[in-house]
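A, B, C and D are the chain letters, set down in written order, and residue numbers restart from 1 in every chain.
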Amino acid sequence: MAKIKVAVLGATGMIGQRFVQLLEDHPYFEIGGLYASERSEGKTLNEVLKVKDVRFQQRTLGVKIEQLDVKAISKRCRAAFSGLPTEVAKDAESSLAAAGVAVFSNAASHRMREDVPLLIPEVNPDHLELVRSQPTFSSGGFIVTNANCSTTGLAVPLQAIYQKFGLKACYVSTYQALSGAGYPGVPSMDILGNVVPFIRGEEEKMEAEIYKMLGTLEDGKVRLADFDMIASCARVPVVDGHLESVVLKLGKEAPAKDVIKTLEEFRPEPQRLKLPLAPIHPIIVRQEENRPQPATDALAGEPERARGMAVSVGRVRESKGYIKLWLLSHNTLRGGAGGSVLNAELAVARKLL
Amino acid sequence: MAKIKVAVLGATGMIGQRFVQLLEDHPYFEIGGLYASERSEGKTLNEVLKVKDVRFQQRTLGVKIEQLDVKAISKRCRAAFSGLPTEVAKDAESSLAAAGVAVFSNAASHRMREDVPLLIPEVNPDHLELVRSQPTFSSGGFIVTNANCSTTGLAVPLQAIYQKFGLKACYVSTYQALSGAGYPGVPSMDILGNVVPFIRGEEEKMEAEIYKMLGTLEDGKVRLADFDMIASCARVPVVDGHLESVVLKLGKEAPAKDVIKTLEEFRPEPQRLKLPLAPIHPIIVRQEENRPQPATDALAGEPERARGMAVSVGRVRESKGYIKLWLLSHNTLRGGAGGSVLNAELAVARKLL
Amino acid sequence: MAKIKVAVLGATGMIGQRFVQLLEDHPYFEIGGLYASERSEGKTLNEVLKVKDVRFQQRTLGVKIEQLDVKAISKRCRAAFSGLPTEVAKDAESSLAAAGVAVFSNAASHRMREDVPLLIPEVNPDHLELVRSQPTFSSGGFIVTNANCSTTGLAVPLQAIYQKFGLKACYVSTYQALSGAGYPGVPSMDILGNVVPFIRGEEEKMEAEIYKMLGTLEDGKVRLADFDMIASCARVPVVDGHLESVVLKLGKEAPAKDVIKTLEEFRPEPQRLKLPLAPIHPIIVRQEENRPQPATDALAGEPERARGMAVSVGRVRESKGYIKLWLLSHNTLRGGAGGSVLNAELAVARKLL
Amino acid sequence: MAKIKVAVLGATGMIGQRFVQLLEDHPYFEIGGLYASERSEGKTLNEVLKVKDVRFQQRTLGVKIEQLDVKAISKRCRAAFSGLPTEVAKDAESSLAAAGVAVFSNAASHRMREDVPLLIPEVNPDHLELVRSQPTFSSGGFIVTNANCSTTGLAVPLQAIYQKFGLKACYVSTYQALSGAGYPGVPSMDILGNVVPFIRGEEEKMEAEIYKMLGTLEDGKVRLADFDMIASCARVPVVDGHLESVVLKLGKEAPAKDVIKTLEEFRPEPQRLKLPLAPIHPIIVRQEENRPQPATDALAGEPERARGMAVSVGRVRESKGYIKLWLLSHNTLRGGAGGSVLNAELAVARKLL
């Protein structure tokens, strides 16, 4: 099978460079071009490198950044992965879809649009069908978005639990990594030896997106899920990996061991389809008393290609009729670029690409 | 008025040295001796110094640590402040009380004893009366404990809210500082650029202590408060200051602004009595969108003597019928040594010392 | 004595706010206005606050930032303290001097000008006389600069040693704090759990400035000092306090104990004059095997007003004919705003203000 | 070729676990047993895991730790890799050598013994011959040590320079990682947001070991190198990777570009022999203005197996007749377990195993 040519938009940023990492030697996709704002035009990836723990191939490091040009991209690429900043993403992604390009976006701009799937293949694969109602679909162009990074890590185990036990309420407090703020992002003076209990727009996103993702597709529309979702978000001095403290009031009460079993046995569609970036175990339940931790678990996931794509859950315990647990996911892989690439892999499996 | 001679137990530790700091030039108390385990006997405070941001007076730095000897202490001191490790504290504190010494303890050993007040003067000053039912009381000896550091910061604003609006549930996730683990405490390899979502015994303490503290004294016994208290505790790479994310279901629903007003107008007994360590404002409500933070607010409190004794609250907001807020308190001052000294000040005001 | 009205330039920055801190209730000076670029015009100090560990007085917090206007400043203020960024400082400071204002600057722009003193009162008080040869001097306007922050901490003990033993070579490697880069300064992603072995222009400044400061005034000109000065500079994840590893080849070999004695007995002019910001001991020699450290020693200096103005030196030892030592100084106090205020105090003592 | 059975001593520690990581699927060696003190006897590797960024194979994780027993080891294993603490290593290693086991040690105990090679295959491969003069050699037992972690990173580029240009003096200041102190090692309260300018015994080791390693073998003895080696050592809040600031006075002056060329062209014996752990480029010279950095360069080295075995050098520049440069090496791989395994590989190549 010939590989599908794809563009990476926002290639100078944190998420953009994670896209590049994941697309090097991808079995379905091949990078057709790296695009960013005018400022970086003509520079090589190597000159604008921001993600530090990634080893890019020599040939990739030399690729030149081009200026974002809808016509040029649509001629060269069937699909585009967007790591654009929200304010730029809205128009650029719409234009690309109009020009017949399938856009897999990490930006928030189109997430809550009725006809745009807010997609996590482990959570709501059927929502992908929404693209068929997008006005540009007939030309081959459409937009699929992934969720906010902190919502993604939560949505995977929450869906497993929600399907099995129902949910009355979910109270979550986050411990979010610095890479989630992009680059330069958080000034070091603000966060070294400190915690900042505020991330602009984050709580609102978490409280809105989860209802859409856990919603069901009925008559071509998403019927929102219904429970109390209460989020509080903070930034901590950690490079990668969003940790979340979760308290759940289940629809029907259940002991912690039943919840653990449900999480461990969760095998949704991407795992059944064996999509390249789907980790064998989408949820890894830790038995240790003090896990998951960003330093040890951010890169959880097998095989090698799927490192950083598993969600780690630990300390599942009950208290006064509630279930408490901690979860951790890699915010720029599972909750960022990796999510969008997995979305595109599902689109390939469903013959949309 | 002649000053009351007091002993500091566990003077080589984090809490012990905070006791020393607070007792230098205290208007009611005077250090009669510094005591610790055999290992440190004969060393000066200067040689065993662990708290780094404190400036001790030259004369104090030269004071020699003595071995803990109940008889010697009871001869010399009317009261003792205990920063002993839990395993040592139980027997040592009991023996001292039996020997007629008033013990103000930071250790957990006696906290849940029916006749021991788990005291925060801003929260439950009347509980101090419990000491009268202790078997050693007639000899002048008794035990008063302060609460666990993370419970203390929570209890102050919670009491203000509970009294006014009632409470159905309190969901709290903590972001706790390193000094809470004592010294050497948390190995740097475990916490640098990381978060550890586990602190042994901490969630259990928070979930148990709060009911006793917010309970009412009826017929000489504490009648426990009744609401859902659900705690999840984590350690973050911060030196001082426990931050807590709090979600409340009030007894009767109220808008955020009423909660803010209630917190700002809270003027409990220690403030009315103008106790030396009582901060003018026991709760400081921040208006900024991103406060309180450990780096800026751990040492909140006026006047100078009461620095670190105020609890900072911020981002009080409502969502779907819940109140969300963040709070911060200094764990070894407000939640440690400062709490015990304030307890002793209340005991003086109530003529128990 | 009526207080001298002074302007603070660059009041929204790290250094500017340290100026404000040091000028609150200063015995000689009184703040006449806070000035910054257009962007901050009309905001209060409170709204632009960047220095987090400082407690400003309520009245100061409400002062409004004004736009930098030479005419207005010269009418209102006799002197100005400049924390302006280098690119702005050059012209602004020249204009102010031309308008008759005495400028005490933390910027690098004029440091190497032949007729501008690069002044540390403990090191080269006589250099202040250079201002008399500035073209604007007759109108009362002149410029005095302090040294680069890392050079300052070095220059004080180095001068004590140089005067006594002479110097053949000084090899220094720095461990510099984040506040030295201003705000937002270093992105957290770049420095958390990391060290960056490069600070633009820093090594060049250290290698140039030290010769001028340790030089002697001959016929109204500075004759540069002459030895091998070799500097390597790195940024470390520390908030305040530049630590430096120093190796010295003395002019005449001497044992470590003689060097220690020389450092301890150093009592230069500001101490003899008892200038308000001059610490009683300009150099504090630590005896511990592991000091000085930023966490414990950045704020060294007595009395209270002079906290952060002393240079701490430790581990003075000899090896193969060299003297090795570590030194630490507060980069935005001793090496920043405090240095300039002390310069102005010397100017008052010498009747130049 | 049948693999050689090897023991790992001190398998519960930081270095021990790096040995295990490097020996999984090693082409020459096979783990015959994991050994540690009594305390850990019977626990699995998984239960005592300290190195967090390493992925061990499932089968290895289940291996049980045995108590160190010379007889049992000598029966089962031809060689042993020792990550024992210095105080235990001395006798244990001697006994093993006496029992016919070839010991490759990371401990300091035997490093300066006249008949023990202090070996870095890139630096002084010929010193391996010293083992022939050890009293136990006839029985097959001998001891080979690697150097102190901070000395190792320095020795590789220094040897390249020394051989080409000679050396009059080397002034080095270190920025050392936490993993160098083992586990639990440095308390977090001591190092978060701080630098500690003292590591016990480290400067003495660096100043002594470098002369032996750069020395030449003459008549079966090492003739020490001769130049001024001056070291100052500090601990910084970094997990892995020792950074060093180096100033050199060459034997014959040379421009920076010649030094760079010499470093880049350095191809010593392990690279010529293509030993498994020998990185293709033993020294990687970075062109960027701000490298090497621990976060980006600690794991330098190709191929995959040799990650963490290359020494990165950057900012090679000249000033006043000196050469300045920064270097970085992974302290528990290149400067620890990896060094010893490479030593053993050289021993195989030279038919000593």
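In the analysis below, contacts are C-beta pairs under 8 Å (C-beta built on N, C-alpha and C of every residue); 3 or more make two chains touch, one makes a residue touch a chain.
Not measured: the values here are computed from a predicted model.
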Given chain A and chain C, the chains that contact each of them: B, D
Pair exhibiting more inter-chain C-beta contacts, B-C or C-D: C-D
Centroid distance [mean C-alpha coordinates] between chain D and chain C, Å: 42
Geometric centre distance via CA averages, chain D-chain B, whole Å: 48
Per-residue overlap in chain A, given as positions that touch at least 2 other chains: 52, 192-193, 237, 239, 295
Residues of chain A touching chain D in the complex: 52-53, 192-193, 295-296
Residue numbers on chain A that touch chain B, as the complex places them: 171, 173, 175, 193-198, 203, 207, 228-230, 232, 234, 236-239, 243, 245, 247, 289-295, 314-315, 319-322, 324, 326
Interface residues, chain A side, partner chain C - complex: 50, 52, 178-179, 183-193, 237, 239
